[in-house]
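Right, one structure below, let's go through it.
Each chain gets a letter, A, B, C, D and E, in the order it is written, and its residues are counted from 1.
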Amino acid sequence: MHGIGVFVCHCGSNIAATVDVKKVVEMAKLEPGVVHAEDYQYMCSEAGQEKIAQAIKEKNLSGIVVCSCSPRMHEATFRKCAEKAGLNPYMVEIANLREQCSWIHKDIEEGTEKAVILTRAAIAKVNLNTSLEAGESGVIKRALVIGGGIAGIQTALDIADAGYEVDIVEKTPSIGGKMAQLDKTFPTLDCSACILTPKMVDAAAHEKINLYTYSEVEKVSGFVGDFTVEIRKKARYVNMDKCTGCGVCMEKCPSKKAKSEFNSGLSNRPAIYTPFAQAIPNVPVIDPTQCIKLKTGKCGVCEKFCQAGAIDYKQKDEVITQKYGAIVVATGFEVIKLDNYDEYAYSQSKDVITSLELERIMNAAGPTKGHLERLSDGKPPKNIVFIQCVGSRCAENKGKSYCSKICCMYTAKHAMLIRDKYPDVNVTVFYIDVRTPGKNFDEFYRRAVEEYGVNYVKGQVGKVAPQADGSLLVHGVDLIDGKQLKISADMVVLAAAIEPNPTVRNIATMLTASIDTNNFLTEAHPKLRPVESPTAGVFLSGVCQGPKDIPETVSQAGAAAIKVVGLLAKDKLMTNPCTAKADELLCNGCSACANVCPYGAISYEDKLINDHGIRKTHRVAVVNSALCQGCGACTVACPSGVMDLQGFSNRQIIAEVDAICR
Amino acid sequence: MQELISRLKELLESGSVQRVLGWKKGDFTFNPEPAYFNSAEELSEFVYDGFCGANLSKYMIKASNLEGVTAVLLKPCDTYSFNQLIKEHRVIREKAYIIGIGCKGKLSLDAIKAQGVKGITDIKGAEIDGDCNELKVETLYGEKTVSYKDSMLERCHVCKGKEHMIYDELMLESADTLDADRFTDVEIIENLTSEDKFTYFQRELSKCIRCNACRNVCPACSCRKCVFDSTKFDSEQKANVDPFHESMFHIIRAFHVAGRCTDCGECSRVCPQGIPLHLFNRKFIKDINEYYGVFQAGEDIGQTSPLTDYTLDDMEAEERR
Amino acid sequence: MSLTNEEFRPKIVAFCCNWCSYAGADLAGSSRLSYPADVKIIRVPCSCRVNPMFILRAFEKGADGVIICGCHPGDCHYSTGNYYARRRMTLLFSMLDYVGIERGRTRVEWVSAAEGVKFSQTMNEFVETVRSLGKNVRLGDLRCKN
Amino acid sequence: MEASKKSRSEMVKEISGTNPLKCMKCGKCSASCPSYEKMDIKPHQFVSYVINEDVESLAKCDSLWVCLSCFACVERCPRDVKPGKIVDAARQIVIREKGGSYLVPDEIPELIDEDMPQQLLVSAFRKFRR
Amino acid sequence: MKYSYYPGCTLRTKAKKLDAYARASAKVLGFEMEEIENWQCCGGVYPLSGDEIASKLSSVRALNEAKVKGQELVTLCSACYHVVKRVNDDMRNVEDIRLRANNYMKLDEPYLGETEVLHFLEVLRDRIGFDEVKKKVVKPLTGRKIGAYYGCLLLRPSEILGFDNPENPTVMENLIRALGAEPVIYPYRNECCGGYISLKDKELSKNMCDTVMNSAESFEAEMLITACPLCQYNLTKNAQSDVPVIYFTELLAEALGVKEEVDANGSF
């Protein structure tokens, strides 16, 4: 029995406003194979789905077309609905009447005409649909977290607490990330280290968590439930099992000229170092670009002083291969380079600093031991100017187009802390907008203004001019007063934009996870699936997905963890049945398809084929449907067209083409 | 020539090959045809001269399924096709004993006729042992002499060289025939206006009678079922009035063999309507050479075909000439 | 531009990969960035799924322009699909140029899921180009009419 | 009236080739402008005037004649709005309309001094006159 | 090495020094500046309005002449550099201007922006190299503290001119270093001097010049160099300062040992 049902959704007025849905229904009824057509206010609602289910049962439909929003939105919903009603879920096609019709057209006649054609194409396709059965594949009960900042740590802890093994891969020598560099956190002003280090210790001590610090992901293959990952453990030149973390080596190291990454380059560190005192693991690494022994063969001081005998100059990088069921990206951010903002004299004056640098200056473990000092002459500043939105909210050729989101709040924090500790210091903040949506955020900002007397000026700074006397003349504007301002400051702090860690591009490519034009990882759905990548089995945690502060990062980290746990808790995964399939009766066995398959899913077998009564052995292509991801590259490479893609077959697509061009 | 026949006899009699795949005499001196020779006796019909243009490599697809080894005579250009067929697993190397034979250029009856010769009954001077300078043509209107060179197939003027890409043994001398650039004609068309290009191809393709000779002879068109005979695209050959396949047939065919076509020229040789079909294939070859680096199908079995390969910085479609 | 061109509504088939360009089209929609209704999108898993047969078929059936949209090179959901598509389409379109099909009727554009604006702009431009070329008569029949 | 008002602001956009809607009202142009004090309509306000289609006021303002075309605002504008170009466009509209010139040749003798480079006069004429 | 040379109006009159010292220095440095024939004034300011074509044609003529000779086009005056380079950019990238200019000019072959426009300072930096300049110095200016004044025309808009970092330029400082003197880096070296506004509004221009000169003085500059005749005029005439402002070519000629020779022959 063959009969197609067509269900046209109004989507409230989203579709119905520019598409005459009744007309679409009438026209659909005229199409071959259609035995039922109706419209409804909200097809995705329970009542709408009930209508579909009822029609499937009553009219014994063999396939349905739902004319609604994008299939990326509700295809899964309607497939489930069909399945419940006893129809194979792959006998469902969606005509996208909302995103690709009603929302972009204004004229109702034009919209309706296009809607009819789109519906017709979907009907033509569904006529050729075949029932597909999803296969099954196993799940490896282990997760990988890439990045060991607060996002990665929190995700790993939550997954581990649920009872699954987790590996954290962190490219620097210690976990902790950017949060470890912060002094205080808004809006509560807790000490960042005091709340982060216990979590770092928990992660290190957790029996289910395994840390690969000073390591990088090198290669990823496989698919959801069964990823194979190669991790490069860079040579530390220190034996992790032997090292006791006494720190003598760092003290004795004669090469102390390297810039401390942890202190944002504001202080020096030895060639053998841990990034900071509370580093985890508390095992130093030797920086081969700085170590005299590794560069010249002479020195060996650290080896001499190490009582544990942990120094090993001959250590080599090690590549380990591990299997995972799920991968979480938590690669975080960096502050942008300020090369394009020389009007703020960042490169010309030591007293023009970024907020992250100020963070280190304010920190007791920082380069100035927590004293607020000018880096040029060590004098305490009297007038500090903060400049907001440096490199954020720019035109594309000028900087980052997005709002970095955290700057307004940390600037309020900095201003407040400075005014609290040094009441005689004048603090001026040039702002374009103060953005404080968050619990207790605006109150926090208001306190900076009302209780701490921070001078907020609506306007921007055009130039910072370093003067001969060492002061900085800030040329700004007060848009409210309508005045140009020239403020003599002795320190200027730039709220530089943040950008995704540059390594994320490479990682995204390895994971085949998509990234947007700003290098932020794309979520599977911006509202409904914010912690999942569109690539199955890959999840997002922290700033790699978009700018966010610590509380938001931690919530997202937990959300990513629960998604991972939900995946790892399954014993079997249903695989996408829209895979390639060769017609073995006609396959030439020419190998063109295997050459283009990115998954190695195609192999060849010699098969005895009965071709019109003549039995012959032929070399034919066989697709491993567990490996095939359904891209279709092979289908075009095949010269005779015997390789086809289920769900997107040649005939189905040609039927759509014909329906559109009719 | 006698040497070749002796060698073939020897191979057959010793049992090292089961059969010979070569050419046998036709009704006239100028139309020999491919044939199997199963015994030394049958070799009396064997011929190899300037009219044996047919590329025998495609026959090896069937011969690979026959019992025992087949001795196959391959001219230099035919070996490219044979290699390509090995690469695509269409022939079995071990089932072939390849005698690479020399070539002094292959002749085209059309080219002879084009020199104003009519009513041909016999042609002498095409023997492979001869010097292949002149052809003596007997016609209903008397004997005429034409130059061998002017009577060659187009493909021989742009010969890929007289070196065999694959063989078990070599026999007979070759002579160089290359005297033209193979992309000249393509370039001429490329430089026409869009309108003129269309007019040109419309005129040429309107001669097509869809006899499928080009497809059937093509060594790259070896699919067990051609897309034009298959139901998989709703593209099977329909009534002759349906315009689709005339307009698209040759483009699709050329695309299907792109990166695999060795430019053996058989399609143009066999076209009863004289359509220069090689111009399609050569356009793809020229584009591939220009855009992705020089590639000759069948030269090296290990090389990846340009259409199943890519580089990260390939040019964009919009950047094409 | 002549009056007939103004009135001429071309048939445009757009093949969009599911992961980037189809999502880009969705974004154009949710951002209400309009483009002509002449464009009809066919969803394919990847630009490498687009068989030249589909394109020729579209032209045969009366399409006036065909555009292929996929992820940006390097961003393919399947890692490499668009690289193959890029070669195939370059060669196919070059062949269509060669037989005299106006260049403006075919196009490849990489549109990411974030590029709703680009999707809409691309479609507006493409439709405009095809509209200026007028109806596709050449591929309709290379043989019969003379 | 409405129509002509509109067309003038469209003209400014067209001549300047800028899109005032890109402005986020940060004021960096006004912070950078060396002629700010002399301006009755400030650089950032120029953008709003065009958005509000009030080119009349721009045509009457003094700012047109004190803008130096030094491009500090163009260079530093984070949104690539290029306020300097808008000022220049407004100036163009004024001097193209009869009698709009800010400089007439008769004035020159009393303004000139002997060290003045040609460049000065040429530039001034180009900027202030049609 | 030969370059096409576009002197511009002022270098023929009030700024003859800028020109003469440059030619003499070029000879020492081993390159020649071939003045293009029949050049016309560039207009002094780049016509900002996108719809104007006539005021761009003189630049196009000069550019085309250099193209015909197959030479790069060198300018000395900041304003000429600014105008000619921007017009060239239009000819490269703005279809409408390119079309209309070519329609008007009726050249044998359309001009599409092929010529490379260089400022003399760019020739020193990118073609000769400051290391080479340094080798040719016979009278090193050791011990002198000299500030560079860039003004606006050389640097902005950097997107099109690409001359140097618009907010922290270095080319003249490197030249000063090569000549043996110590560059004085002060923040207002890229701020406007008031330009042509000095004609009608002396006071405004004066304020701006003072800002520049005071800043340079506070950093102990003994002298400023510039590439722009208008800047030279304004800073000398409209600022209350005794610090001399000279053309960079004069300084160059001095260090290369050809200044006296030029002074002797010249009639400035």
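As a convention for this text, a residue touches a chain if its C-beta (ideal position, glycine included) is under 8 Å from a C-beta of that chain, and two chains touch if they have at least 3 such contacts.
Because the structure is predicted, anything quoted here is derived from the model rather than measured.
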item: Chains contacting each of chain B and chain D, listed by label; value: A
item: Lowest number of touching-chain links that must be crossed from chain D to chain E; value: 1
item: Distance-maximising chain from chain E - centres being C-alpha averages; value: B
item: Most widely separated chain from chain D, with each centre as the mean of CA atoms; value: B
item: B-C or A-E - the one linked by more C-beta pairs in contact; value: B-C
item: Distance from chain E to chain C - Cα centre to Cα centre, in angstrom; value: 49
item: Distance from chain B to chain A - Cα centre to Cα centre, in angstrom; value: 55
item: Inter-chain centre distance, chain A versus chain D - centres from mean C-alpha coordinates, in Å; value: 45
item: Distance from the mean Cα position of chain E to that of chain B, given in whole angstrom; value: 68
item: Residue list for chain D, restricted to those that touch at least two other chains; value: 72
item: Multi-partner residues of chain B (each touching 2 or more other chains); value: 227, 233, 235, 307-309
item: Chain E: positions in contact with at least two other chains; value: 166-167, 191
item: Which chain pairs touch, all of them; value: A-B, A-C, A-D, A-E, B-C, D-E
item: Residues of chain B that touch chain C when the two form their complex; value: 186, 189-190, 192, 194-203, 205-206, 208, 227, 233, 235, 243-244, 246-248, 251-252, 254-255, 258, 280, 283-284, 287-288, 291-292, 306-312, 314-318, 320-321
item: Residue numbers on chain E that touch chain A, as the complex places them; value: 159, 165-168, 185-188, 191, 215, 218-220
item: Chain E residues within the chain D interface of the complex; value: 8-10, 13-15, 41, 43-45, 47-52, 55, 77, 79, 152, 155-158, 166-167, 191-192, 194-201, 204, 208, 228-230, 232-233, 236-237
item: Contact set on chain D toward chain E in their complex; value: 14-17, 34-35, 38, 65-66, 68-72, 74-75, 84-85, 88-89, 92, 102-103, 111, 113, 115-124, 126-128
item: Chain D residues within the chain A interface of the complex; value: 22, 24-33, 36-37, 42, 44, 72, 76-80
